[in-house]
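Have a look at this one.
Labels for the chains are A, B, C, D, E and F, by order of writing; each one numbers its residues from 1.
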Amino acid sequence: MMASTSYRHFKVSVPQEFVTHVEINRVDKVNVFTEDMWMELRQVFDDLSEDDSVRAIVLSGAGERGFSTGLDLAAALSPGSLFNPRPEGIADGARYAARVRKFAVRAQDCVTSIERCEKLCSAVICVLHGITVGLAVDIATCADLRLCTSDVTFSVKEVDAGLAADVSTLTRLPKIVGSAFGADEALRVGFANSIWPTKAAAFHEALRIAVAIASKSPVAVQGTKNFLDWCRDHDIATGLRYTAVWNGGALNTKDIPHSIRAIQVLYTE
Amino acid sequence: MMASTSYRHFKVSVPQEFVTHVEINRVDKVNVFTEDMWMELRQVFDDLSEDDSVRAIVLSGAGERGFSTGLDLAAALSPGSLFNPRPEGIADGARYAARVRKFAVRAQDCVTSIERCEKLCSAVICVLHGITVGLAVDIATCADLRLCTSDVTFSVKEVDAGLAADVSTLTRLPKIVGSAFGADEALRVGFANSIWPTKAAAFHEALRIAVAIASKSPVAVQGTKNFLDWCRDHDIATGLRYTAVWNGGALNTKDIPHSIRAIQVLYTE
Amino acid sequence: MMASTSYRHFKVSVPQEFVTHVEINRVDKVNVFTEDMWMELRQVFDDLSEDDSVRAIVLSGAGERGFSTGLDLAAALSPGSLFNPRPEGIADGARYAARVRKFAVRAQDCVTSIERCEKLCSAVICVLHGITVGLAVDIATCADLRLCTSDVTFSVKEVDAGLAADVSTLTRLPKIVGSAFGADEALRVGFANSIWPTKAAAFHEALRIAVAIASKSPVAVQGTKNFLDWCRDHDIATGLRYTAVWNGGALNTKDIPHSIRAIQVLYTE
Amino acid sequence: MMASTSYRHFKVSVPQEFVTHVEINRVDKVNVFTEDMWMELRQVFDDLSEDDSVRAIVLSGAGERGFSTGLDLAAALSPGSLFNPRPEGIADGARYAARVRKFAVRAQDCVTSIERCEKLCSAVICVLHGITVGLAVDIATCADLRLCTSDVTFSVKEVDAGLAADVSTLTRLPKIVGSAFGADEALRVGFANSIWPTKAAAFHEALRIAVAIASKSPVAVQGTKNFLDWCRDHDIATGLRYTAVWNGGALNTKDIPHSIRAIQVLYTE
Amino acid sequence: MMASTSYRHFKVSVPQEFVTHVEINRVDKVNVFTEDMWMELRQVFDDLSEDDSVRAIVLSGAGERGFSTGLDLAAALSPGSLFNPRPEGIADGARYAARVRKFAVRAQDCVTSIERCEKLCSAVICVLHGITVGLAVDIATCADLRLCTSDVTFSVKEVDAGLAADVSTLTRLPKIVGSAFGADEALRVGFANSIWPTKAAAFHEALRIAVAIASKSPVAVQGTKNFLDWCRDHDIATGLRYTAVWNGGALNTKDIPHSIRAIQVLYTE
Amino acid sequence: MMASTSYRHFKVSVPQEFVTHVEINRVDKVNVFTEDMWMELRQVFDDLSEDDSVRAIVLSGAGERGFSTGLDLAAALSPGSLFNPRPEGIADGARYAARVRKFAVRAQDCVTSIERCEKLCSAVICVLHGITVGLAVDIATCADLRLCTSDVTFSVKEVDAGLAADVSTLTRLPKIVGSAFGADEALRVGFANSIWPTKAAAFHEALRIAVAIASKSPVAVQGTKNFLDWCRDHDIATGLRYTAVWNGGALNTKDIPHSIRAIQVLYTE
């Protein structure tokens, strides 16, 4: 049990057996992300990924104002930042480009850590409310489910900041082209899975789903999550072949007859 | 003409010229699928695929309770079933895995036979009503169009049964993550093409569409169906190239000037 | 500035700085496309692609009846047309096939020129109203945004003409299977981005969006557009890698600190 | 045991336990292939694929003159043949094209059946001698190993016959561009694995390899063969992932400690 | 007939019916490539691609010293060159990067024009002798066959020049990692198809092959060339499918029975 | 400078500026790999990857008997090993499969760390001598160049051990199918780049190449290495596009005019 783990910018708790709640915990700055928070985010999800007692994760932002305002713009303007190149620092553009590539790969990896989290098993359910900007949208695209409040305002501000600096949104969610949209459009294009009147209501539903997932066979949940990610990236023949090979290992479990019998009881009652 | 063909679990009829109706015909068990029904399903569609008089197919389930409850759970629990492995039978996990892979590839092929059906030409229109569970959803994902009744209840139960045993749904329909959903959500995520108040109304519309398709140039319908499947699996450049090469053969037909003249008449009148 | 350029079938104007309006200008025939118009369409977009003063393009059809009725059917029936093969002309089917492939590749390239238009930078916003048939739908699929009037009627007539002669629609928009649909279905399946009561209202909104895009960093807009196209065709790992490499060159610009400071001012006010 | 199976054009025998010898048996016509022989070839390999007593297969051609002269040219010229289209038969080029596609897919499948043969386990070793033309080369490309005599003469005659009618060679062996080549060039470009002075010597070596393969863990041989085919068609990351998932099922066997102990004994002696 | 066409840097002649000889014609500078020569190279091959009288092309370099020394280094160092960026010109690295991308895409397209040349039909046979450096190797990788003299010296100098500026070599020929190699290594890794003692002997053989290719059915040669390129870029299933669809159009020709009868005569004599 | 770094199983030294020598240092057991050595191998290459003073790496095995005998078979047979599953430990095959997948992914990553090593810049040159078995071949496939002694004996023993447990060889080197081969066959199939009479001679040549690479522009070497890996995994159009985008950042360097001038001096002298 990871109850004793402590992080600087994230609050990690266990509201129910097998269910973990990760809260972005920088309420005074609307959960804005500094570079060390990116790194810690990856640490949190890598730790959870190694913990057998974690089967479902709810991810939310502290406070009432919003999930997160994303990248810290003030830090981005500071001297030496990659986002504020200056003549003396970039005497050689090729070496600057190498720095950017290295940073981008690491930043992408921090965000992708949410998707990679595939222990025995760990679905990630994201609760999105209020201001949700840029990097915060990138993070949300890596979750398995996204529950929104009706007041959520998504804002993909990278273009406004002169950047196409993608760490996930453009890659994983190519459908949304407007730079700002609300809960209804998010639902229409399939980004939001459902809409709730308040943050508390959305969180309550996220917890209910997490508990339901945690009660199922972890073998089956892990397989399902793995197939959905695989099939998104491969053609149908490759997808079917992969699932057939996976199940050569995964069907060899007592969870199946056990689970089938449980369903049959439900039907009979 | 295949009028005389008889199957054990399927009723195959010809309601209109060039249109075939395939009905899952096990009404007492809500059209539940035993393993021999999978095999027969493939036989039905392979036969139709060789029959020049078949240009469009309507697929539905007999009775009022539902399209199908999918996999036969009682059979899955029987001794020797792959879904109920037992110590003595699986002394060697690798040989069990080989059995599972072989079974999975064959099961996937049975379901895929619906999609593969591409004679001169055979669009498949699925009518979905009432209980539609697991394998039944897999089957529906392979059709070209899905018409639902408003009372349809889809249920992707594999996870509840401890399985991620995919034969089509996770591969072909990665968007739906809930394990149960109705007509409205099906329409929203693009799984259902339209919703109808009763099974009779949905079937009537399916037949109308089938007749319309059957009246067009089979060369053009076959090409269109083939391109849609190809483009789903390939990038845009590969898709465009393939259609250009295909049409090197397919444009060489009197169907085209004949069809264009027919349209012009319509416009003139 | 390209103010003096004149085309035969298209009217090109500059309603605002950095914004170009391309109008299909054959109002008497509802903007039907003859083969020389395809070639000229490519010329228009290739020219715009080389013009530094073009940052956003609005594409619309002249007149009130519709955006375009697509392929010229009368021309398609004329002697020697590829769509009307005749015995003496196609004594050798293989050589006829080579002619078709060559024509198809060129026709696809004409339509794709709209998507390829990626100067410093050139988003393409399409205004669709009234009758919009066949080739006109192909053209619309290549735009970045599609604004529709509520009276628009899309019609994918190729099958009715005995053809599956795809130059874009089946490849880029595999979701729509009906041969005719209106604004609401277009919105639901994600083909239309928004619906407007009149052509004037849709055009007004298109212009507003074009001006907004033109006011942003061209480097950032070009990158965003390029990533969206790339990510549509590649898996996620390839998508993320490409954006990281691209930004090795693209972050090296004063646009970024300049844009960030502009945003901060907005927030502060 | 399949000892009693009899085929019309192929002689199937069991020279050693677990090893099967398939001989193309039409010595008077230098093993030329008629269309019914293609179909029977698939039947032979599909049958072997279901037979647990088959772990390695040697494929050779009867007689001294050569492995096979490939496609039967006389039959190809007969009335109604796809290779001899005539005006009255191909009134509609598009329907002729559909016939060709259907034939080509079936012909490719006949040849591919050799590669698909992946029972518990069945490596295929091909002995190539003398005249080896066209379709015979296609067949050889599907084997796992190719042992040649020094007098072998490969001839890819399709172009000379006015055809680019590929059923395997161009797809699986894109390196060889000359239309005729001998044992040395075959070895240099990696098509031949080794060269032997006589057919008897090559066959003897093929049998020795077959016996060696048949003595190994069938689980390991099947996996190796499957990975080689998979990795040829996928990028490295996809290849590594697939082998990791496969081994989730395949390492769960007593064959491994048993085999390791056998190797250790060898080393110790 | 293109006999009258004249180019500035290339000599184009017709040594035999259906065979064209393209000679890089800047003998005083060992056929070094200036930027306008790249553009003209594309023009030459685009022109040949439209000329029905061209069925095979021999490409060689004038003079005795070598095929070509590749990129003009003196020009690369001139002010304003992309290869010599300077502070005042690249005040904004992102705009410089956009210039490079645009140039690279155009340069790659010039070289690729050789491969793209696929009229009715045009195989390209390259004769390589003496000094063959950098861009010259890029050009050679796009030919269908490469005949070398024993004195040829390949030199992939890009790295020595501080560049990884690939326009073809690294993409099409990833096997060679040394920066300099001779005829023997070229043959061993499959880059050279054969080695000849003198340039005259290599040219004579190239011409012999060109005449042989030109005497075959252009339909079959075009198909073969197209399949080889397609199969290099796609997996086996996609390769086989493409060839089946292509032949739907390409088998519909009298060339086939005509060619088969010609072969039979040869056998009978 | 990493001179002070010490590892348990590897000796890391700096024979020349910018050149690092990594020696597998377990001479008493012919450099056999225990599981902790895999992990340390990754640590070594991850460390080198972060070190700016490393531009080329020579990897060799200590002692005269061989490069490495690969996996430690004795450890593989110990209780609790994944390679020796036992009934009580694998009561649930699906959970065992999850353990295997997790182990395999980590093991593959250890070996892949060699290929991933792409600092400013780090080509890896492998010296292979004597006994080189299983995992040792996997490791060698990840190097950029492989220099062999004439007495090297490669042995891909996984199948003999009942395993198809691939961590690199089958994926990266699908050409070699024999389970044992020497220097000549390695050279013929392109696995070995050159053959040397003694280990000392091979090492001397490896060092010479490493020094030569280290003397070039690191920007150019890094790009070249990166392109070769990318192009191996992608089709030609994707490869060309990627290199064009990369060079948008990488051409912006004074290394290029500086390097070109150095070459010109060489030519002039």
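Observations, loosely collected:
Keep this in mind: a contact is a pair of C-beta atoms (placed from the backbone, for glycine too) under 8 Å apart; a residue touches a chain by one contact, two chains touch by 3 or more.
Please read these numbers as outputs of a predicted model, since none were measured by experiment.
Taken together, chain A and chain F share the touching chains B, C, D, E. Homomeric contact chain A/chain B is classed as different-residue, with under half of its interface positions used by both copies. Centre-to-centre separation between chain D and chain E, using Cα means, comes to 34 Å. Each chain gets one centre point, the mean of its Cα atoms, and the points for chain C and chain F are 48 Å apart. Rounded to whole angstrom units, the spacing between the C-alpha centres of chain B and chain D is 34. Listed for chain D are residues 85, 90, 93, 96-98, 100-101, 188, 219, 222, 232, 234, 237, 245-246, 248-255, each touching two or more other chains. Taken as a contact graph, with one node per protein chain and an edge wherever two chains touch, the assembly is complete, since every chain touches every other chain.
Of all residues in chain B, only 85, 87, 90, 93, 96-97, 237 touch chain F in the complex they form.
Chain F meets chain A in the complex at residues 92-98, 100-101, 120, 219, 222, 249-255.
Within the complex formed with chain F, the chain D residues making contact are 144-145, 187-188, 190, 193, 216-217, 219-224, 226-228, 231-232, 235-237, 239-241, 243-261, 263-264. Partner chain A is touched in their complex by these residues of chain D: 234, 238, 242, 245-246, 248-250, 252. Those residues of chain F that touch chain D in the complex are listed here as 73-74, 76-77, 82-85, 90, 93, 96-98, 100-101, 104-105, 108, 112, 157-168, 170-172, 174-175, 177-178, 188-189, 232-234.
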